[in-house]
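Next come two complexes, and both contain chain A; in the first it sits with chain B, in the second with chain C.
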Partner chain A sequence: MDFLYSYIALAEVYVLLGLSTNLLVGIAGIFTVSQAAVFGVGAYIVAYCLMHEIVGFVPALLLASACCVVLNVLVTLPSLRVSGDYFVVTSFGIQLMATAIFINWTGGTGGANGLPGIPPPDLFGFPLESNELLVLLTTAGTGFGCLAFWLIMRAPFGRLLRAIREDELAVAAAGKGVLRAKVSAAALAGAFAGSAGGLYATFLSFVDPSSFDLDASILLLTMVVVGGARTLPGSILGPFLLLALPQALAFIDIPTSIAASARQLIYGLLLIAFMLFRPQGLAGEKL
Partner chain B sequence: MTPAYLQAQGLEVAFGGLRALQDCSFTVDKGRITCLVGPNGAGKTTIFNAITGFLKPQEGSVSFKGRVLDGLKPQDIVAAGIARSFQNLRLFQDLTALDNVLVALPNMAGEDPLGAIFRPLHAARALKQRRDEGREILAHVGLADKADIFVRNLSYGEQKLLTIARLLATGAELLLLDEPASGLSAGALEAVMVLLRRLQSEGKTLLVVEHNTRVVQKIADDVLFLHQGHLMAQGTPERIISDPALAEIYFGGAI
Partner chain C sequence: MLALQLLINGLVTGCALGVVSVSFGLIYATTKLFHVAHAGVYTLAGYLAWSLVRQGVPDIVSLLIAMVASAAVGAAIQGVLYAELERRRATHLVVLIASLGMLAVMQNIIAAVYTPNILQFPLPWSSRMIGIGNVRLTWTQVLTVVLCLGAFAGIMWFSHRTILGKQIRAVASNPFLAEITRLRPQRVYVTVMAIGSAAAALPGVLVPLDLGLQPYGGVTPLLTATIAMIAGGIGSIGGSFLLAVGIAVLQNLSLLIMPGEWSIGVTFGIFVVFMLFRPTGLFTRR
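And now, the complex of A and B:
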């Protein structure tokens, strides 16, 4: 049963992250490949706060979200100056920098060894120690994220973001501030990624840089593409499906020594296949 | 002397070596339809861009109802009461006709993430009301039954009407229309001309880029003749069209 719980919790964390990526890439048209870095910052902040008993879980999660809001706005600011293709390169650089910091800042992040033994989260003094309660916590967090995403998509703010993705000049001509809306989207995506990080750190009780590297960012993009851009069902389907994939592959007889690279290969093939044959993903719209 | 409704004074715009506007000055009077004519490359769209904040003239100044607009952002100029359309329409293809209009309605509740997430009921109630407002605007330009159709499925003529609906949604009183009648069938052309006249009677002021001299004769109260980025003449359509020197420029003469 433990496996099922960790699968659900992990997939839910990735749903939250997928919503964050979807907001930027799918809806606002800011093509970022550095969402895993923001995710990592959220995870490290919560881990550090709990390990050093600075604050409880809820304030730590709020702090992580707030920091990631600021960070994500800063990280996406270049997208307001450089457009499209150029921003992908900028954001690639940001991701590499973040990984370098995660690995080398041993005082804060534990370096390549990571931070083991993160204490379980507490809700107002009540510790959540069992797997059931932890899954309940990630479900509640992700549920709130999904609700927020759904509300945004049907609110005028969602329409404004869609309009911006199509034609920024026309939005400006319609009298709306493009900059303000983009910064708002980036802030929101930061809050999503930061809270996903916090939930991730407390559920696994261990974080290390490999969870927040470029591979993670790409896995995240794969989830959005496979699940489907710009829709809530797509953002939920993608993570649950792609995280189940390695387990499904376990039924095929491949030596464990090549399992990891086989997985990468299959992700690569999936990305290409979806772009060629089903660009809208399983339950989404065309990117 | 009261200031002119819209006044452009000594506008200079250069793109590298090309001087798109040179000492360009003109006025637009309130409540009139003013047509901006001139050969290709005369700088008509550049004037629109300079008035609406899409580009900053190197020299010169634009004022509207006595207020200087220089340096304002496009959205501030819309808020000041001037909105423009684009020659290539620039509609949001993946949105419905109604959503295209709603994007342009000012003071929309729930257009920021916090309002959308934490006051959803308020946003939903407000949206319901604004939808009716949007439908009325669509009905006003003759697209009442197209509200829920995606732009990419509208005919070209309907798309042109939709650009006017989107302009109206901004609430601006001075509308800058870039070739609203080009590429239309005779019937659709007539509908657009009737619509422009009706907007005028409802108190809007229109500055219209137009190539078709028959359209200009029919709708214009006033004509601005632009050539090589400079205002060559301003007057009634009859006067401008009967001027042999201007006709020479317009219909392919060299200067």
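And now, the complex of A and C:
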């Protein structure tokens, strides 16, 4: 039962992250491999706040989201002014730099050992200690995220983002602020990733740098690509399918020493195969 | 004294990085693809050479075989993957994601075959020191400078003086017009990828002689090389080489004031500065 709970909760956290990646990759058309880094920043902020009893869970989550919004805007703003390809560099750079900080800044992040023993979250003074309550919390958080995503995509702002994806020049010619819309999408993606990080840290009660490295970013991108870009069902489908993959692999007899590489290899193959044969993913729209 | 040694080390690393930068720039300027999997080719070359050396193949022959094999891998990535994506009218983003997938595939095949641990080349001569004045260099470093400067000069000569080089530059500047004049862009792309991959294989083998091999070790050099390419101006071979040397020197000198783990921060700081003040690079003509 505990296993099922943790599968569901983790998948939900990744749904929230998938929405964040989807906003950037699928909707604004910005390639990113740094969402895991932003996710990590959110997770570490919440973990740090709770462990040192600075603030409660809800303010910590809000703080984490706010920091990730600022981070994402700072990251996107200079590159978007210039050219799409430069964002690839920024995004790789942010990811590598974040990993360096997570591993080497032992005072704040616990270094390679991570931060163990994060206290359970509390909702307005009421601590959530059992697994059932934690799953309910992530479900509520992710449900809220999905609703927000759905509403945004229906709003005029969502249509503007779609239009940019189709033809940026035409949108600019129609007098709409392309740069502003893209930066807003990035900010929103930051808020999603930050809160996903907070939920992740409190559910596992442990964070370490390996959850937020380049491989994690690639996994995230694979989830979005397999599920399908630009749609809510796609963002939900991808994480649930891909998190089941390691369990499916456990049935095949792979030596444990290469299990991690084998998993990552499959993600890479999935990326290539979907890009070649079905770029819209299982339940998405044209990428 | 330490500063001088670091300066020299920076110049040596810079030459190796410069070749990566030039090779990536050649591919990027011609195919317009952000070939992320280049980091995989770079890493693969080192591992191939390591295997050959272990089998008792002479060192220089191993290097040459690794370069030829990398050229074949690069040409295959272009000829099979990118050409097919182009035929299916894939958007830029789709190609980029596929390239990232290719990188993940290559890195993890290497990690599965060779284990993710650091491997050292079993070559005793590579770490033997020679002293010039107060500066000490390993034989690897001397070899790196000589071969990489040679490769840089070779690429310069090739792309400005040979017919094939001129064809490549023609396709790079206008693929449509080049096609009218009976140049076939796809075929030129395959050639460029082969040349670029062979060039990247040279530092891919030489740098691990000192630092050892790691399956995921190609991303940071590629990122630094890309930053050098952008800062130097896309399409400018000399510019990207020069900037790569500059960045490597700054990285090494920064060791005087902060620990090595943060050198990626220095690189990235340079990138942000360029981004804000000179986004088209230092040496662009247009």
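The criterion applied here is as follows: the second predicted complex is superposed on the first by the 286 of 287 C-alpha atoms of A that agree within 3 Å, B and C clash if a C-alpha of one lies under 4 Å from a C-alpha of the other, contacts with A are read in each partner's own complex, and residues count from 1 in each chain.
Methods note: contacts are C-beta pairs under 8 Å (C-beta built on N, C-alpha and C of every residue); 3 or more make two chains touch, one makes a residue touch a chain.
This one's a predicted model, so the numbers in the text were calculated from it and none came from an experiment.
Of the two partner chains placed by the overlay, only chain C lies in contact with A:Leu214; chain B stays clear of it. In the superposition on chain A, A:Leu188 makes contact with chain B only, while chain C stays out of contact range.
After overlaying the two complexes on the shared chain, residue contacts for A:Gly268 are found with chain C alone; chain B is out of touch. Once the two complexes are laid over each other on the shared chain, residue contacts for A:Val225 go to chain C alone; chain B is not touched.
Of the two partners chain B and chain C, more residues of chain A are touched by C. In the superposition on chain A, A:Leu160 makes contact with chain B only, while chain C stays out of contact range.
Once chain A of one complex is fitted onto chain A of the other, the partner contacts of A:Phe92 are limited to chain C, with no touch recorded for chain B.
Residue contacts after overlaying the shared chain place A:Val25 against chain C, while chain B stays out of touching range.
Counting contacts as defined above, no chain A residue meets chain B in one complex and chain C in the other.
Taken together, the chain C residues at the contact with chain A in this complex read 34, 36, 81, 84-85, 88, 90-98, 100-105, 107-109, 111-112, 115-116, 215-216, 219-220, 223, 226-227, 230, 259, 261-262, 264-265, 267-268, 271-272, 275-276, 279. Touching chain A in their complex are the following residues of chain B: 52, 54, 73-75, 78-79, 83-86, 90-95, 99, 102-104, 106, 108-113, 115-117, 120, 123-124, 127, 130, 166, 169-170, 172. Chain A makes touch with chain B in their complex at residues 148, 151-152, 155-160, 162-163, 166-167, 169-177, 181, 184-185, 187-188, 285.
Chain A contributes residues 25, 29, 31, 33, 78-79, 81-86, 88-90, 92-94, 96-97, 100, 103-104, 214-215, 218, 221, 225, 257-258, 260-262, 264-265, 267-272, 275-276, 279, 287 to its touches with chain C in the complex.
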